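Next up: some structures, all given as structure tokens.
Next come two complexes, and both contain chain A; in the first it sits with chain B, in the second with chain C.
Now for the complex of A and B:
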């Protein structure tokens, strides 16, 4: 055995090209080669992205320029759906839902990120993941039930109004917290808060604890430490969590449906309603615009924060 | 006989027997397929009599395989046109007044021969040729569907809080209910009912509330936009549970909605929530059965017609009316109920009688308009609805 290795080493050193014999035997053996399945495993993520992301995305763009027929669509090229989107009230609805989602992101960050920092700094390492896992518990319940459960809390005769009336803080029920943009934002924050906590925690895991000690030793206050040290280091994770909330706020139709005011919509609901009217090219155009928005956001985020750092702990 | 000749003879005999079996199977393939259950793609409210489909099977004399279906038009179209719907389903249900046109024009359903449904003689006259609802089950004048439930949607109101009967859509738009009113989050019924009110009250000159021109759609939407800006509507409900909750929680006192929403809201809370008859009229609608092209090709016509015969029998009509509050599509329901006292106690008989009277009152209002799922100016409906949403 050792002499074989030695011989191979010598031949390589001499610059000789040693060709392995062509694979023989069954077709499957020839496909797998000497490395067996190993070399193909690396292509699985690529295949997954192509089949479940790239092809559907491409089809969305293709169908968005098809001609609408009365009950279906036919191949062709028209920008009518895009023109209709940008020149109708749909654009206004889309921008409003972006605005509300952005507010939800800011609130979720303000509430969720300190939780992540607290868990990372104050909880023992053994218990940290268990505490974070608690945030998964709400996901055991169906999303529609979680959102619908907010109604008895926020409605006219709901928990919030009953308590505030009982303690005498208000004379009339507050109606602006449900069936309004505020209701939708509350729903988005409560529904998606765990995502910013997860993302924040993962980002904070990349910040070694000794950095906090160094900051303290150098006399940096909490605010300066947060702004100058924690935020830059955790920025990729925070951005990823924020994008997740933002995009869900745009796309999850049941939030404006259950918590929004008369006719409240987001981009997801605009597409759904276009589908219900059998306007498939318009629905595809709305979806394509949403996807483009997401891709642009990710591109900007990557340029600003280098999103690959999410997966790379600080050395 | 050597081994070789024996083998060859045996092979030929086996081959002949196999050919005979194959031929017989081909000749008698229809009865063989018909033994398969009828695969129906429908909504839960299409059954009565038991929690599962056993009562429907027993009454119709066929085997049924039920597959749950949503009410979304796009899902039905996609499944039947580009999906495998014709392989999976023998029969399906959807909204009349549009979906039969869509599915028939796309050739995924087949015409229906009413002479193969003995109870067709019982069908309500409005569905016969020339009747006001005849078009809702026909495509290009040819019969493509069988209605099994219908209703005329109206206004639900909290009588306990309001203290008076409401008999006009005027109440829904009245400032006394500002912030306590709701409508459906669907431009079809919401714009049609509003158009009926505006037309019949003389506020707007609208020819046909179910088939409005672009200008008429604009008038109706501007009327609603003005109210929305004043904060008149608490919300637009979407989905059965959502509609029930709004009334049950008293978040709204008046809501244009489906009758089962009012029935469940009243039953759930014990409150006096009622369903009125609006003097201006209502949007009437139906849901209907269709035979898929695949169902016909698989030889399921006999089973389909047996099931349709049940749907047009008073046995089904009485039960869908008493249980869910949907209007029977056949004559003779009250006679059937009274002649079967073992099946219906006195309270149920009275409930059915009351509901029939109220439904008759609603469906008889001159200003009613039948549902049109896909009006000609659909784009204007969509665009103006988006403006109402953005307002």
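Now for the complex of A and C:
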């Protein structure tokens, strides 16, 4: 008990409310005390993320100009990987995957955002979070399993075709929905839809309920309300959700790998294939290009909408 | 649309749409479950209910071994990442540079798995080389193979992946906690640890539990990073994908996927229920406490 009291008297000196004498006592207590290790331990996550996330990603820019050796790479400066990327079919594939990803974003927004608006507007505050939690359920099943499960659904003799044939809407199976860019877009929408719902839900925090009433009182129609009031207010959150889907559509190799055909290749798949071919500088160049795309998008978004507004509900 | 408030029909229609979207998102999973009960496997044209595939799971040593590795990965990642998320959230609350810190912690969300995975892979290989040459320079083998691809590198990749989710969940639950309570505890002479453990932690416990569940499930489900960084062993998803891309999926894999999906849904379902019940109870208690004041 006495050691407890001792420790307390040592550790008090941090409190803003209490005036206390400078730390005394055993050296070990001072090292482990609140101005010693206990203070520094809070920097641990930051250090971890910097060392194993920020630095590796920043270094991709460096590695991308290294020279390729047979199994690895060696320091040097060459733009060969970038030339390789920009003058081959890879660039075309990359641009096409951007286009497909953009379509997926638009579809996901059109399907998912109205849900966020509806939940915020029509459901009581207490119940809102529970309804949104519904969208965590599909998210809790592996992305792999969901994408993998899409194959039997979309296949020639799969669920969609069987149902449509039975109902009599089509005469022969639709084959364009699997092993094609369309298949990849379907996969992207189904995989990332929950994110636009979450992002939209957070974004709608910036649109209090009374705004709808004001709009109705002033006689604005649903469409005008949406375009002129909701969209500008919720823009930062919507933008963040959209960038998330866009970048993941570009970068997740698995989607074109499982659902795409010969024409569907995205940046992630290019990088993975380069790694498999032991062309590490090229893989790093693709990563660097992806990072640049992401940073440019976030920068534009920040200039347009001030993305820091998203954080207001949390802090 | 003035009449929208009055029209219960529109309201129900929107609810139906919402549930339809959730169902559509879930439909592939249900379809796999349906296939897993078919005696003839996928695409056989006839259907007979059977549980045989589930029985054979337990004889498939490849899947079982992978399952064990995955569980171990999930457990260790969770044990590390949740305290880390707590520290990160506390750090965020007290830091001056809020925008920089939150961007740093949330940034891994925006980097696609393949990009981060390959960057980390090359990083680890380079670290290894650097440390080996350092060892040679010193003249011993202390630093050999610290970052050989294996269990530890996979854990690092998974921590980076799950930390943003854990961080944001804990941060959201912490938003309701008022710091004055900690100050009061400190003024009464509690150490920082006691003030946290006895005062703050009980209030954010639902969030911590939810983040544990998230970390376990995300780790369980992750494929790309694990696959790039794992080195020698197999996890459940990597077995599944290699089967899928090479020889075709075995019926056991369908059964196993259904089991895993079911477990994921069940775990998160229980957590959600628990959180809801807890928050309801807390709310009721708060209301009960506030009542005498309201009556005045």
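Operating definition for what follows: the second predicted complex is superposed on the first by the 260 of 315 C-alpha atoms of A that agree within 3 Å, B and C clash if a C-alpha of one lies under 4 Å from a C-alpha of the other, contacts with A are read in each partner's own complex, and residues count from 1 in each chain.
Everything that follows uses one rule, which is that a contact is a pair of C-beta atoms (placed from the backbone, for glycine too) under 8 Å apart; a residue touches a chain by one contact, two chains touch by 3 or more.
Note that the structure is a prediction, hence the values are computed from the model and not measured.
K.L.:
So, A:280: does it touch chain B (first), chain C (second), both, or neither?
P.N.:
In the superposed model, A:280 contacts both chain B and chain C.
K.L.:
Going by the contact rule set out at the top, does A:157 touch chain B (first), chain C (second), both, or neither?
P.N.:
Both partners.
K.L.:
According to the stated criteria, A:258 is in contact with first (chain B), second (chain C), both, or neither; which is it?
P.N.:
So A:258 meets both chain B and chain C here.
K.L.:
For A:83 in the superposed arrangement: first (chain B), second (chain C), both or neither?
P.N.:
After superposing on A, A:83 lies clear of both chain B and chain C.
K.L.:
For A:111, decide between first (touching chain B), second (touching chain C), both and neither.
P.N.:
Only chain C; A:111 stays clear of chain B.
K.L.:
Given the touch rule stated above, what does A:304 touch, chain B (first), chain C (second), both, or neither?
P.N.:
After superposition on chain A, A:304 lies in contact with neither partner.
K.L.:
Counting residues of chain A in contact, which comes out ahead: chain B or chain C?
P.N.:
Residues of chain A touched, chain B against chain C: more for C.
K.L.:
In the overlaid three-chain picture, which partner chain does A:142 touch, first (chain B) or second (chain C), both, or neither?
P.N.:
second
K.L.:
Examine A:72 and indicate which partner it touches, taking first as chain B and second as chain C; both and neither are also allowed.
P.N.:
both
K.L.:
With both complexes superposed on chain A, which partner does A:227 reach: first (chain B), second (chain C), both or neither?
P.N.:
Neither partner.
K.L.:
If I apply the document's touch criterion, which positions on chain A are contacted by chain B in one structure and by chain C in the other?
P.N.:
Touching chain B in the first complex and chain C in the second, residues 72, 148, 152, 155, 157, 257-258, 275, 280, 283 of chain A appear in both lists.
K.L.:
Given the complex with chain B, which residues does chain A contribute to the contact?
P.N.:
70-72, 84, 88-90, 92-93, 96, 148, 151-152, 155-157, 175, 178-179, 257-258, 260-265, 270, 273-280, 282-283
K.L.:
Write out the stretch or stretches of chain B touching chain A in their complex.
P.N.:
Going by the criterion above, the answer is residues 72-74, 77, 81, 101-102, 105-106, 179, 182-183, 185-186, 228, 233-236, 238-239, 241-242, 245, 249-251, 374, 378-379, 381-383, 385-391.
K.L.:
Show me the residue ranges of chain C that touch chain A in the complex, using the header's touch definition.
P.N.:
Residue list for chain C touching chain A: 1-2, 11, 14, 17-19, 21-22, 24-29, 31-32, 35, 42-43, 84-85, 87-88, 90-91, 94, 98-99, 101-102, 104-105, 107-116, 118-123, 125-126, 156, 159-160, 163, 167-168, 171-172, 175, 183, 186-187, 189-193, 217, 220-224, 228, 237, 240-241, 244-245, 249, 257, 260-261, 264-265, 267-269, 272, 276.
K.L.:
Touching residues of chain A toward chain C in the complex: what are they?
P.N.:
My answer: residues 7-8, 11-12, 14-18, 34, 38, 41-46, 48-50, 52-57, 59-60, 63, 72, 111-112, 114-115, 118-119, 122, 130-131, 133-138, 140-146, 148-150, 152-153, 155, 157-159, 190, 193-194, 216, 221-222, 243-244, 247-248, 250-254, 257-258, 267-269, 271-272, 275, 280, 283-284, 286-287, 290-291, 294, 298, 308, 311, 313-315.
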